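A single structure is presented below for examination.
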Amino acid sequence: MTEERVPGPLTGIAGVAKGMWTIFKEGFKPKVTKQVPEEKLSYPERTTGRVFLNVDTCIGCTLCEQICPNGTIRMVDFHYEKSQEFDKKYPNRREIYPSVDVSICTHCNLCEEICPTGAITLEAEVEEVHFRRKNTRYTPEQLGKKEVELWGEERE
Amino acid sequence: MISVESETKLKSGIRVVYVPKENIFQYLKERKEEGFDTLLMITGVDYRDHLEVVYHLLSTRTNERLVVKTKTDGEVDSVTSLWKGANWHERETWDLVGIKFRNHPNLRRILLAEGWVGHPLRKDYPMDKKQYVNLGDDGEDRVSFDNKEGY
Amino acid sequence: MEEKVIEVNFGPQHPSTHGVLRIKVKLDGEIIVDAQPIIGYLHRNAEKLSEMGTYPKALIYMDRLDYVAAMNMELGYVLAVENLMDVQVPERAQWIRMLVVELNRIASHLVWLGTHGLDMGMLTPFFYCWRERERILRIFDEITGSRLLYNYMSIGGVYSDVTPKALEMIKEWESDFVDKLNEIGSIFQKSYIYVARTKGVGKLSRDDIISYGVTGPMQRASGMKRDVRKDTPYLFYDRVNFEVPVREEGDVYARFLVRMEEMRQSAKIVSQVIEKMPEGEFYNKKYSKPMLVRLKANGESYVPTESPKGEFGIYIIGDGSSIPYRVRIRSPSFANLSSVPTMLKGYKIADLTASISSIDPVFGEVDR
Amino acid sequence: MTLFFFLMSILYGILKFLHINFVPFTYAGYPIGLWIAYLIVAVVEVLLVFIIAMIVVVILVYVFRKYMADVQNRIGPNRVGKWGTLQLIADVFKLIQKQDITPKTADRIAFRVAPYIVFTPVVLGFMVIPFGNVSILNLMVVNFNYTILFLVAFMTVAPVGEIIGGLSSHNKFSLYGALRSAAQDMAYEVPMLISLISVVILAGSYSAVDIVRAQHLIPFVIPEILGFIVFFLAMIARQSIPPFDLPESGSELVSGFSTEYSGMRYGIFYMANFGFMALASFVIAVMYFGGWEGPVFPGTVWLIIKGAIFMIIFLLVWVSLGRVRVDQLLNLGWKYLLPISIVNLLISSALAIYLTGVF
């Protein structure tokens, strides 16, 4: 570690001026913030946003419900006609699928980690604000859709 | 020289000694003089039939670590006269596990509100009973089971 | 003349209490006669919550302890659990862990530097610190998918590999980070106003440090060369080359210098890690997918790690089931904050904010 | 005096209306009609200067926010109006809409009056700034021989308002803010006055116009460099901006003397602060940098340029420096600024004597 020299009064006052100069120069540098609603931030592919469910490949194993730390995921009875091909490969005889309360989801990624068929994924969908409490619990069907498809551009 | 009851090791290789609860203060004092000068934490564990107080010691000179355990029924001597830092740790242990420390200068709850019922880290703590806290006019916390009297 | 002392409550709603600290201060004019910190306003009992779920579930509560350095908290937990379960971690995973932990240490110290500046009345360096931190958060976003609370480390490795793009970002970041840091630091360090405010303020002697169990940068600023990374190396800290900064004074200025130097050393570690990181698995396959809910452990473990605030460790007891029997968090800020009465007595009100911010308390960790 | 003229003219109007002609048509040897004409001119000028002061404040707040955003690599306000120019107007409307809370335990009258005591002197200060050298409309409302005394008197009134506001709030933080404000005023006002006196000695007059004219050849900053430094620091302390923002000191005393204020009353404190910043810049320009003196451009432009430079310097100081401790400020004031200002006084006295000997 280099020995730091402690400024005395005179060098210190020069230091005050130097600090002001540093800050003054920053005034001519480009801005780093963005104008948010117009310029959107870019989200990396891996962003753990909202939970998405591929109903076709879900086998209703309840592992995601078991791993979920705070009860965000709950299995619900849900009837869904799978196509022949998927039904053979990913049978869901009990007809239970996960539903997700997005308002308490912590985006911890554990459900995606544990899902044996890769049906649950967390994708870069981050705008999940709701004005009504009842809308926050997503049914398995809603979990397959994007926010814009579900609620439109302007949500209630 | 206080003898230890038994000796084991943590999985991470730290020495663990069990000391009778009557001798815990003397034992820790000897260890402090021996070189275990830092008290990292005090904690309590509820084993349903008995409580254990666990002291984590560290020697800043030799880098040795030592875990001292004592079985107790809920009361043990305070070590605040040895380490000032023990004050808060003992208060927290009293607060959450419910182990009383004799001769502690200020044994009040530290994390929860004063007047809280029960000690949350006990295994028999009722999880379904909600308690509500509010601030009284005198600046002290009030605790009640009625959700109208607090948050 | 009895009524000379005024009692003032600093906080919990106060601009410079870093969250929800409340200090009952007895003041004689501008001079502090007595200061008693009151904590617990952010208490969630993470220990009890951890005892209610399986081993992987507890990780999200660890994230929320020291939320500005969540990686360090996760690391402390996974090391303890892996030690308990005798999990073998692939080499690459360990290097990745070192990388993210050191990056997060820098991010945490940058938060400290900015808020410390605000407490000293400097408005502008705060934004520069945030600007630099933002770049680190972008890197984390690229690696883990989250910006603040990651849930990245799993038992047996990490959840996702470092992408080439992330490595590029890190290389670009480290090319000018130290210069920018020095520039920000010079605004503080060379200014006589700052030095006059912090020299000789909030002093803690060696004896106080040991007696209170204070660790981390505060300990090093009081002349004790202790760093868990050097003393009992975990991960591969014995394979990288870095120094432990030490100052003798034990005041706020010394803590500032120590933290600044720590950031530079961490940047040095990051560049070494990138060079030395081998190819390979980032995850122990044995502990993948369905095993995650069936992890069982028996015994006791405590693995000390060096978090940005000091020695962090989880004392964990398993009873053979898949739920931890007892989780005790040794949080450095808790012990550091308990030294406040000694640190403040006899100083002025203005020194209160300087001293408190020099502890760098994060209340998620203090109140748990 | 204005009030007296005003009453006189009303009385005159009433009597004229009643066709009572026994009042004298002259006052002090001039016809009443002339007095009324003067009165109207004076009222118009006062209003004009008030409006100018307000405009300066509005511009200054906007520039402050934009400049602060610039040095902090941010965008700054840009939603209300083009480039966010109307942001302050929006803020003022927001403040007006807010509930005006007076704490239950506060001293009601003192609490309500305090913001105006702070704000009024700032506007009054603008009355004696010579904005230009046009002989009739020099934009100087009152031009009499003791303008500097007037200015100093009003500058020192404002801290009284801060102290009243702090004491009447019945809040410990406000109390500390008020106490600090009092201590701070003591510390900087004496050096400030002494350094002003040196300027007066050098110029040989208390009049601002005369002081500007005396700087025709050489601005006073050159012979009075020490006095300028003292005055500049005192002005920073008077505005209570960092590094001397002890009465407010955001991170220690929440908001100091204005902790309990909300709504427009807080807004008035805020505007007074910026108003004083503008006033202080103009005063420095007048005292030490030759006011309207300058080639090519008209005098008003020069004064505004000089004032603007100082405003930017103040803003830069504000955004970039940390806060000193209260004992350090008192040390600075009593141990350094006071001796420096006295030395400066001696220098300028000697200089004045020497110059009178020469000419």
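First chain written, first letter: the chains are A, B, C and D, and each begins at residue 1.
Everything below uses one rule, namely that a residue touches a chain if its C-beta (ideal position, glycine included) is under 8 Å from a C-beta of that chain, and two chains touch if they have at least 3 such contacts.
For clarity, every value in this text was computed on a predicted model and none was experimentally measured.
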Touching both subunit B and subunit C (chains): none
A-C against A-D, pair bridged by the larger set of C-beta contacts: A-C
Distance-maximising chain from subunit A - centres being C-alpha averages: D
Inter-chain centre distance, subunit A versus subunit C - centres from mean C-alpha coordinates, in Å: 25
Separation of mean Cα positions, subunit D and subunit B [Å, integer]: 61
Separation of subunit A from subunit D, taking each centre as the mean of its C-alpha atoms, in whole Å: 53
Intercentroid distance (Cα basis), subunit B paired with subunit A, Å: 39
Subunit B: positions in contact with at least two other chains: none
In subunit A, residues with contacts to at least two other chains: 16, 19, 23, 26, 32
Junction residues of subunit D - those touching two or more other chains: 71-74, 319-321
Arrangement of touching chains [line / ring / star / complete / other]: other
Pairwise chain contacts under the document criterion: A-C, A-D, B-C, C-D
Subunit C residues within the subunit A interface of the complex: 53-54, 56-61, 63, 124, 128, 131, 134, 141-146, 149, 151, 154, 159-160, 163, 183, 186-193, 195-196, 199, 243, 245-246, 253, 257, 261, 289-290, 292-293
In the complex, subunit A residues that touch subunit D: 16, 19-20, 23-24, 26-33, 35
Partner subunit B, residues of subunit C touching it in the complex: 9, 39-40, 43, 45, 47-48, 51, 80, 83-84, 86, 208, 210-214, 224, 226, 231-232, 299-304, 311, 313, 315, 317, 325-326, 328, 330, 334-335, 338-339, 342, 367-368
Footprint of subunit C on subunit B - complex, ascending: 10-12, 14, 16, 37-41, 43, 45-46, 54, 56, 60, 63, 65, 67, 83-85, 87-89, 92, 96, 109-113, 120-121, 125, 139
Of all residues in subunit A, those that touch subunit C in their complex: 1, 4, 6-9, 11-16, 18-19, 22-23, 26, 32, 43-44, 46-48, 63, 66-67, 69-70, 106-110, 113-114, 116, 122
